[in-house]
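One chain, subunit A, links the two complexes that follow: it is found with subunit B in the first and with subunit C in the second.
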Partner chain A sequence: MRYIYYPGCSLKGTGRAYEESVLAVFRALELQFEELDDWNCCGATAYMAIDELQAFTLAARNLALAEKQFADEEEVNIIAPCSACYLVLMKAQHYIEEYTEIGDQIRSALKECHMEYEGRIRIRHPLDVFVNDIGLEKIKSLVRKPLDGLRVASYYGCQMVRPYKVFDHHYSPTTMDDLMRALGAKAVDWSLKTRCCGGSLTGTIEQVGMRLSFILLNEAQKRGANVIATSCPLCQFNLECYQGSMNRKFNGSVDLPAAYFTQLMGMAYGISNRELGLQRLFVPMTSQFSKKEGYQHVGV
Partner chain B sequence: MEDSKGLWKIKYESDLFPEFGREIAASPGGENIFSCIQCGTCSGFCPLSLYMDYTPRRIIAMTRAGFKEEVLSSSMIWMCASCYGCTVECPKEIKITDVMYALKQRAIKEGVYPRRFLVPILAHSFFKSVWKHGRNTESHLIVSMYMKSNPFKMLTQSLLGMKLWLKGRMGIMTDSIRDKKSLQSLLQAVKKIQNGKAH
Partner chain C sequence: MSAFDIQENGDFRIGVFVCDCGINIAGKVNVSAVAEFAGTLPNVVVTREYKFMCSDPGQELIQNDVKEFRLNRVVVASCSPLMHEATFRRATAEAGLNQYFFQMVNIREHVSWVTENEYLATEKAKALVAAAVRRVKVHRALESKSVPVNPDVLVVGGGIAGIHAALTIANAGKKVYLVEREPTIGGHMAKFDKTFPTLDCAACILTPKMSSVKAHKNITLWTYSEIDKVDGFAGNFTVRVKRKPRYIKEEDCVGCNLCVEACIFKEGKFEDEFNVGLSKRKPIYMPFPQATPSVVLIDPETCLHFKTGKCKQKCVEVCERGAIDFNQQEEFKEINVGAIILATGFKTFDPHRISEYGYGVYPNVYTSLEIERLVNASGPTQGEVLMRDGRKPKSVAIIHCVGSRDRKTNAYCSRVCCMYSLKLAHLIKERTGAEIYNYYIDMRTPGKGYEEFYDKLLQEGVHFIRGRVAEVTNWAMVPSEEDKLIIRAEDTLIGVARRVPVDMVILSVGLEAHDDAGEVQRLFNISCSKEGWFLERHPKLAPVSTFTDGIFIAGACQGPKDIPDTVAQAGAAAAEALAMVDIGHVELEPNTANVETVMCSGCKTCISMCPFSAITFDAENWRAEFNEALCKGCGTCVVTCPTGAAQQHLYTDDEMYEEIEGVLHYV
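Showing the complex of A and B:
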């Protein structure tokens, strides 16, 4: 099966390590993909606060472009690694179908610009593709350096599992935990897997946003996690980049690396640290691994 | 709503905007607000409700009762981080997160949001950047947000920006799409259609 890869703005900026590791894992799994040509902003949450119809139109342009790029496919699978892009593209699809007025307005605007959206699109998260299309068997067979005993707290974030239930549970998803086990890691059992990380509030209403991330980190640490695995650039940023300020503000002692789940996959596959963007992390993975005996191949 | 004397302010029916609830209910996603049973499940699930001036349950009650001024100027609607927990749990299937979007849009349209809040300023910067370039460049977005709100704040954030830049996570070049003309004419077209329907 062929896929269209939709990076989104964050994966070209603060989430660069996510793009690097996603693509490295795609190559290791021999996944066939093409980047969506001339993709634009998905219409994210900030745009939606100003004008919903325009936000959906932005998403619809991407959908129309993808259909054009894979004109001969019956179903076009778009992989969107950023949870916000994933949700916004999917939400636009749902609203175009559910609300005929929105659908008509967007379709006629596209037509005016000589574009068309037929509805052949299926939006996918890489986690869904890995576990449900490729399968844990194959994922396991490629492991060369198992993450022996590394305690991973899988953090799914909100928009990947809510409001639409596509491949996992709204509150206690298990897909990523299964994936981590297949890589040889220990999945930490915790209940905050999908609790909000604060989203963009860490930049706008700092006190509140940071507190939400602090709660997550503290809980994961208390449960004995060595690392938090994330699947969204904004979650990763929130969990990682403010640890110093959090500790000062809330008198805490959090010190936990937050890596993309694809980086952990790549490590188990023996892909080099540089290819996975591990040097871009603020809280290095080394500190956690040096505590573990017999795990020397990680040196960032 | 306490006044300066610590007394509860009385709102008479004639002070309310009875059409406000119906208008919000007419926006996409808002259709079920009149079937809300005020059970409070949304407020219980909301990870932010304890920081809010009104909880989601109260906002829905106030919206349909016509407390337009209080709802639109509350900090609550800007604090919603769109985690969709309430939407999934609501027993009456109210798309609460989408109701919040409808309220945000209305507050921006009427210009009544709390001034010290950065969220609407961020939203505006985002909107402009995407309209112009088709994508947003995170570094530009943050600089323009602070320039418009509190330039001093930028100094405290510049260290983080520096660290990001050193790690190669912050581009300085503007990211943009090739076919900007077609995107702008598409957005213009949908705007025209939307305005045509409204008048």
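Showing the complex of A and C:
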């Protein structure tokens, strides 16, 4: 099966480490993929809040481009690693197909620039593709340096499972935990897997946003996690960037790396730190492995 | 009121009577226009519009017109035939006509109530009236037939509803078959400790009725049995009952329990169904001490003999009466009854579906049914409120509306949860002194003594927090929350989000229809609401009847209900069933099939299709012969017949075609 890779803005910017590790893992798994040509903004956040129709149209342009790029595929699978992109593309598809009036408006907008959305699209999260298309068996078979002894708190965030419950439970998902176990890590049992990370509040009402991410870090650390595995650039950013200020503000002592789940996969596959963008982490993975033999220290 | 020109046209003299039904019809349909239009149809000699055609003056109007205008056909356009067909047929008959020279047009349920546009509603009403006027001309004079009724009654379900209905009928001197799926009767009520609001002991008031059932000479009790097949019609049903093997000869077992003690399993090892999994039972067991009948049973899924064939069979050794029979087979009984009462009850909502509440994840989250067993003196802890880890709770949260009043699960209110939550709060407070927090959306306590009970709880110091709980978690923010379950909810009365740490959480689960309610519905040919509750014939005036004559419903299978309402309904269903079987005969529609001899080619197709063997072959004349006494009016032969020789009264081909053409000619 071939896939279209839709990076979205974050993976080319703040979430570069996510792109680096996602692509490294794709190559390791010999996944056939092409980046979407001429892609544009998915329509998330500000757009969606101000003008839904414009946001949907932006998303629909990407969907139409993907169909054009894979013109002879019956079903076009788009991989959107960023949870916000994943959700917006899915929401746009849902609205176009469910609400005739919105669908007609968007179709006629696309027609203006000689484009067409036919409805052959299936939007996928890389986690879904790894576990359900490739399968845990194969993922396991490629492991060269098992994550033995690493205790991972899988953090899914909200957008991957809500409101569209595509491949996992909307409140207590387990896919990433299964994946981590397949890599040899220990999955930490905790109840905040889909609780809010603070989202964009960290940038607007800092007090509230920071508190929300602190709750997650504090609980994960208390449950004995060595690392939080994330699947969304915004979650990852919120969780790792303010740990010092959080500790001062809430009198805490959180010190926990927040890595992309694909970085952990890459580590288990023995891919180099640079290729996985591990040097970009603000809270380095180093400390978690310094006590273990056989692991290189990661230079920041 | 308006009378139009009298037309003399052929032999038919038809009167059309259009009803306003107050504003039910007239609010949407231009009734005068419909009546005026009817007057233009061939053979219609009089048309009338009247406010309530079903009223006495309305019926008199029809009767007077029949006489005055020498009518020989009557059409009434009003409500559903289910409501008033009988009324107008009677009026027609009393005017001296055959009652089947009447046709009803439904312009209320089929038109005014379901059409928004007034013009379209009026046009549809006209088309339907035109159809009826054509149809009524080909109606034949028929006689309804009266058949004797079997006086026995079948009650399905042995909970409090079924028990009460069975006893009522049996006490009236009729024979009752009570069929229960579980090994014992008693249903949910047998599992409860106390009942609200009087705090009567449930077992003390239920078990005497259970033993009366067993002892009653008019009741045949079949537990561990299910209905397999239902044939026939009101007054004469044939029912096949499947008796599952319990591997015990019921008539020989005295319930001494020696076999249970002797079983090779020294301790219970398997989930005890009666204690909803809170205790363990052996493969051979008595469901609970007062089980009725007092007969043990063997579960072949767990019994060593069935699983391995290598068991010392200690149970057989100790049973002096030789009641154990490993070779027992499924058994089928066929019975004939005149009426059937369905009292199949409900199931509780499975809270795994709301994962936010942590049921099945955190051991100290319980369902209310589990707590009923936990506070019950005959339960797994002899009535002591102990959590799964053996501790006594110091604080308890009761979450209301779990699986009720929520569009994600069930939109309806389950009616009993507020009250049983109060009851459980009272019992736990009494026995543990714990702090109790009730999280409710609205307190619903409408019933005799219910509001007073709520007031009593408020005075006892039970906490009430108004708000639907968002989640139950185990993540502590402050040291005092460590090792507790934390309830997060918005207190909507003061508008703040609250975190309350507690030891134990009780989920007040709602009531749902059984998973197989759909199968039961098909088996008995009745209707279900979209939630799976059995549908009553009329929500106000026929609450225990169904759309199938002779089949009645009682208790929670019709919708969530508490014990007083259930028992009242069971009594009502029993009275309705008695009224039917006691009169001795039932009037049947003359909807039997017959054969047009000249058209019959003698192909015999209908003979093999008839489920009632009502058709035989007349070899001399080479044609099918119909026995109308055996015919049940199913219509199978009519659709099978290749030449159209088989016809069914009330639904003949020409009647159907006339009706269709009436509509088509209009549009």
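Everything that follows uses one rule, which is that the second predicted complex is superposed on the first by the 290 of 300 C-alpha atoms of A that agree within 3 Å, B and C clash if a C-alpha of one lies under 4 Å from a C-alpha of the other, contacts with A are read in each partner's own complex, and residues count from 1 in each chain.
Keep this in mind: contacts are C-beta pairs under 8 Å (C-beta built on N, C-alpha and C of every residue); 3 or more make two chains touch, one makes a residue touch a chain.
Not measured: the values here are computed from a predicted model.
**Student:** Figure out whether A:71 sits in contact with subunit B (first) or subunit C (second), or with both, or with neither.
**Tutor:** neither
**Student:** Thinking of the overlay built on chain A, is A:172 touched by subunit B (first), by subunit C (second), by both, or by neither?
**Tutor:** second
**Student:** Should A:190 be classified as contacting the first partner (subunit B), the second (subunit C), both, or neither?
**Tutor:** Once the two structures are laid over each other on A, A:190 reaches subunit C alone.
**Student:** Examine A:219 and indicate which partner it touches, taking first as subunit B and second as subunit C; both and neither are also allowed.
**Tutor:** A:219: touches subunit C, not subunit B.
**Student:** Would you pull the subunit C residues touching subunit A in the complex into a rising list?
**Tutor:** The contact residues of subunit C facing subunit A are 355-356, 358, 361, 471, 473-477.
**Student:** Show which residues of subunit A lie in contact with subunit C when the two form their complex.
**Tutor:** 169, 171-172, 190-192, 215, 219, 222
**Student:** Which stretch or stretches of subunit B touch subunit A in the complex?
**Tutor:** So the residues of subunit B touching subunit A come out as 28, 47-48, 51, 78-79, 81-85, 87-88, 95, 97, 101-102, 104-105, 108, 117-120, 122-124, 126-127, 130, 134-139, 142, 145, 160, 163-164, 167-171, 175, 177-179, 182-183, 185-187, 189-191, 193-194, 197.
**Student:** Considering the complex alone, what residue numbers of subunit A touch subunit B?
**Tutor:** Interface residues on subunit A, with respect to subunit B: 9-10, 12-17, 38-41, 43-54, 57-58, 61, 95, 99, 101-102, 105-106, 108-110, 112-113, 115, 158-159, 162-163, 170, 194-196, 198-201, 203-205, 208-209, 212, 241, 279-282.
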